[in-house]
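Let me give you the structure first, and then I'll get to my questions.
Chain nomenclature is as follows: A, B and C, assigned in order of appearance, with residue numbering initiated at 1 for each chain independently.
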Amino acid sequence: MKRKKSGLWLFAVVLSLVLAVGSAWAQETIKVGVVGPRTGSAAATGKAFEEGIKLGTDYVNAKGGVLGKKLEIVFEDTAGAPDKAASGFERLVTRDKVVMVLGESVSSSALAEIEVADRFKVPFIVVEAWADPITAKGYKYVFRAGPCNSGVVSETIAKWVVAEKFKRAFIVAETSDWGLGIAELSKSALTKAGVQFEAMTTERESKDHYTELNKIKAFDPDVVLAYIYGSGLHYFVAQAGEVKLTPKAIILDGAGPPSLWPDFWKNVGDYGNLECFVSSMHEKVELTKLATEYREAYQKAFGTPPTDYKSRSIFDSILIAADAINRAGSTDADKLVDALEKTSLLVTRGTVKFGTEKGGTEYHQWMPPMLVIQWQNKEQVVLYPPEAATGKLMR
Amino acid sequence: MFALAGMNGLVIGAIYALAALGVSLVVGIMNVINFAHGELYILAGYFSYLFANAFGMNFALAMTLAVALVFLFGLLIEYTLIRPTYGNDMYSLILTFILSIVLQNAYLLIFGPYPNKPPNWVGGSTLILGSFYYGNQRLAALIAGSAVITLVFLVIKKTWFGRIIRATSQDREMAELNGVNTKRLNMLSFGLGCALAAAAGVILAPIFPVTPTAGVPVALTAFVVVVLGGMGSLWGCVIGGLIIGLVENFGAAYISTAYKQVFSFIILILVLLSRPSGLFGRREA
Amino acid sequence: MTDRRFFVILFVAVGLLSLLPLGLGVYHLHVMIVSLFYVMMASSWNLLAGYTGQVSFAHAAFAGIGAYTSGILAAKFGLNPWIGVFIGTILAALIGLGMGILCLRMGGIYLSLTTLGFSEILRIVITNEYEITRGTMGLQVPGLVADYSKPAYFYIMLGGAMLTLIVLYKLIYSDIGLNFRAVQNDERAAASLGVDVVRMRVLAFTVSSALAGMAGGLYGHYLLLITPEIPSLDQQFLVLSMTVIGGMGSFLGPIIGAISLEIFSEYIRAYGEYHVLVFGLVALVVARFAPNGLMGLAEHRLRGRRKASRTVSAAAG
């Protein structure tokens, strides 16, 4: 007994030592971490991130890298689950010794990660996690170069609902930090705008929406604001067609990417026609020259034009990170925060400037412009904002 | 809402019954619970998707082929994993539990996390009782599910093979004495159990596209149905399946959508409390 | 094995382990902390499955009960996490007692399915009552120590593991323990020998649930974030595999299984997203070809040697 037991501990200790030596190799590159779901129900975002990471590192390294070294990205899977996100983030910091972390598309995961970033004092640029508290908590090391719920609702969704003169709206939200948060903001915005509405929550993984859809149909809305991420949205749209909620009511996918995923049309069939979604990218609406360059580079690298706009969002964040590291002239966390606060950089979605006033969502936040797009016979037509519109709402 | 819940309950109940029949068959003959039942259901969904979408096969052919392949896979599982565990039902439970996690992760690796949807057999929807629209694909699933269940009953009740199955599940030793090769019968019935899971899978996959972990709730519900209906009882499966389907959907309509599955688990525990061997079942040996 | 020998070995091992924070970095210390959590989980599940033959699928659920009880009390009512962990352990014990009584009349498979149903109900309730539990969004909870420090948590988990092993040892290697094995081997025979089968089974369920509750509570306050992942079937899978691979029904098996598999899975994680798959395949092969796990294999080899030299077997007790 004794012999076996001490042998076991010896084994454990030796194995740990081997692991320690393995990870402590000399650094030839400057490492930046990316967190995002590569597995689980939102894994499509991980794919989009991978594409953006490839284009982003190529772009930065072609322009000389960071601090004279090559930029290396370590992409850690979060599986879309907060616990895995937090431990993955920690692994990036403690095992891979990254100087900064970017990414995340799941708000609940991001809210767990910012605690780790705060604890380990590592700058973290959130890219596509929208919940307000991520920046509203006022953490020094946390930035967001992407949409926030309040921005998306007040700047885009609520204004669009008013502009289209919808009278009755139904809000369906998944029970996540993003879904519940954006639903609350939508409710107050619609109340303010005098639009009648009702609301319900649903589970992200839920597959059978018949009961819910018939309840919604009984309310007879003009528009359904669907805050469901992932393939749950596909089921929702397909079944809304079957119960004939649509096309009388218009569905707005309040997240965007699920309406652009490769399987969208396979899963929803013809019922996908006339569905609307939020996006920051459209092939005919390029806000900057870099956006056009990005489209061309993407086409060259992957053979198709980009669809999921989150690939471009992570690309932007890599540019922001590289710029900050170079301006800070160091990988020291506090110097990086200083540099990030002074950022004024043109990326694909416009010029990035982070808010510096504490006490609200605006702190360390840069909100890119968003579009409302409608599928019209499998063509994307921009409906909102009016200055970018390429067509009118079809019903 | 009432009619809609009833309709949904029927469709889902029929599929539950079908999935549970496979579990019940295996339990009745081999006293083995196949924890990976749901993953075989999913596998059939993937196969039918693959054959129909990637190879452009006719959907009926794709489905048949999918069920046949899962049947063969079931034989393989029995031969490699289950056979050495006879007489130790907990051991086979542990093995198939591990197998189910292995399969889920293998699917993730091979097919990715996206839901995969085989093509619909029919499109559109029908107005039912003048009160609500119901997807035609769901109606078709109800018909197909009922047809397969009827077929299973005919085979078990009317054929020579069915008689052997019934004899063996009633008294294994007696059947052996009468010259039944129980080893081969075990293998065959395990394969058939898997094929029934597969049948449920190909019928439901166009409505609820398959993802790597989508089999878990299906298997859990099938276990609940089997316990409710009694281990090894075929009628129990059908009635249990319909009860669970209806309870879930009425519960969703009138109490809470989110707690849909909880209703069936509560029923399960209540039944087991009052009758530790299920409603229709024989006492476990 | 005598009591004295057990305690000597335990304290020497713990003494050696407590030197680890001196040499290990933050990351490897984290791996060791998680390993110790799994030592607690696998060992206490082993009491249930390995010693009384009750293959429960609710063990992770009981860890969840401990974690959520303590977490909610701390996060919503500001209770001291240590008191929270204590209450969580008691609650897990009480629910475990209830489950044990509920499952008494059920045969093996029915018990497994009932515990599975219980575990699913718990998961659904936690997910849906997000106003209290924050569901899949994860509940942020305060830590057990004021200033976050890995070595501190390492010692806390080491203490927890030690306590768990002592409790289990006292139960298994006492007269009660002999009864446990009798229950597992043949209930009816055990009953006829005057073993109170009912009491044994319920006792095992209660103790094992309490230990899982404590492990879950400590772990939750280490992660600072409690999610439905703690009471999930995946977690149950890990605990089951570790026990099976290490050796079900042996005292050392789950300890070896937990530590080696946690280190192993952390190691293969570096090579991509296949760690669960690899883990599962290893578990499948071991369960199929070495049903008594690594301990079974070791014993097998030892028994070969035992014939040669009687002294070895005495030392290995």
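Quick note on the criterion: a residue touches a chain if its C-beta (ideal position, glycine included) is under 8 Å from a C-beta of that chain, and two chains touch if they have at least 3 such contacts.
Note that the structure is predicted; figures quoted are calculated from it, not measured.
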Exercise. Chain touch graph shape: choose line, ring, star, complete or other and state it.
Key: complete
Exercise. Consider the two chain pairs A-B and B-C; indicate the one with the greater count of contacting C-beta pairs.
Key: B-C
Quiz item: Roughly how far is subunit A from subunit B, going centre to centre by Cα mean, in whole Å?
Solution: 38
Quiz item: Whole-Å distance, subunit B centre to subunit C centre, using C-alpha means?
Solution: 32
Quiz item: Can you list the subunit A residues in contact with two or more other chains?
Solution: 39, 203
Practice problem: Could you list which residues of subunit B touch at least two other chains? | Solution: 108, 258
Practice problem: Mind pulling the residue numbers of subunit C that touch at least two other chains? | Solution: 127-128, 273
Practice problem: Would you pull the subunit B residues touching subunit A in the complex into a rising list? | Solution: 1, 4-5, 8, 12, 53, 108, 112-117, 120, 123, 125, 132-135, 138, 208-209, 211, 214, 249, 252-253, 257-258
Quiz prompt | Footprint of subunit B on subunit A - complex, ascending | solution = 39-41, 43-44, 201-203, 206-208, 210-212, 214-215, 231, 234-235, 239, 242-244, 261-263, 266-267, 269-270
Quiz item: Which subunit C residues qualify as touching subunit B in the complex?
Solution: 53, 55, 102, 105-110, 112-114, 116-118, 120-121, 124-125, 127-128, 233-234, 237, 240-241, 244, 273-274, 276-277, 280-281, 283-284, 287-288, 291
Quiz item: Once bound in the complex, which stretches of subunit A touch subunit C?
Solution: 1-6, 8-9, 11-13, 15-17, 19-20, 23, 38-39, 77, 81-84, 86-87, 90-91, 94-95, 108, 111-112, 115, 119, 175-177, 180, 203-204
Practice problem: Show which residues of subunit C lie in contact with subunit A when the two form their complex. | Solution: 1, 5, 8-9, 12-13, 16-17, 20, 23-28, 30-32, 35, 127-128, 130, 135-138, 140, 148, 223-225, 227, 229-230, 252, 255-256, 259-260, 263, 266-267, 273, 298, 315-317
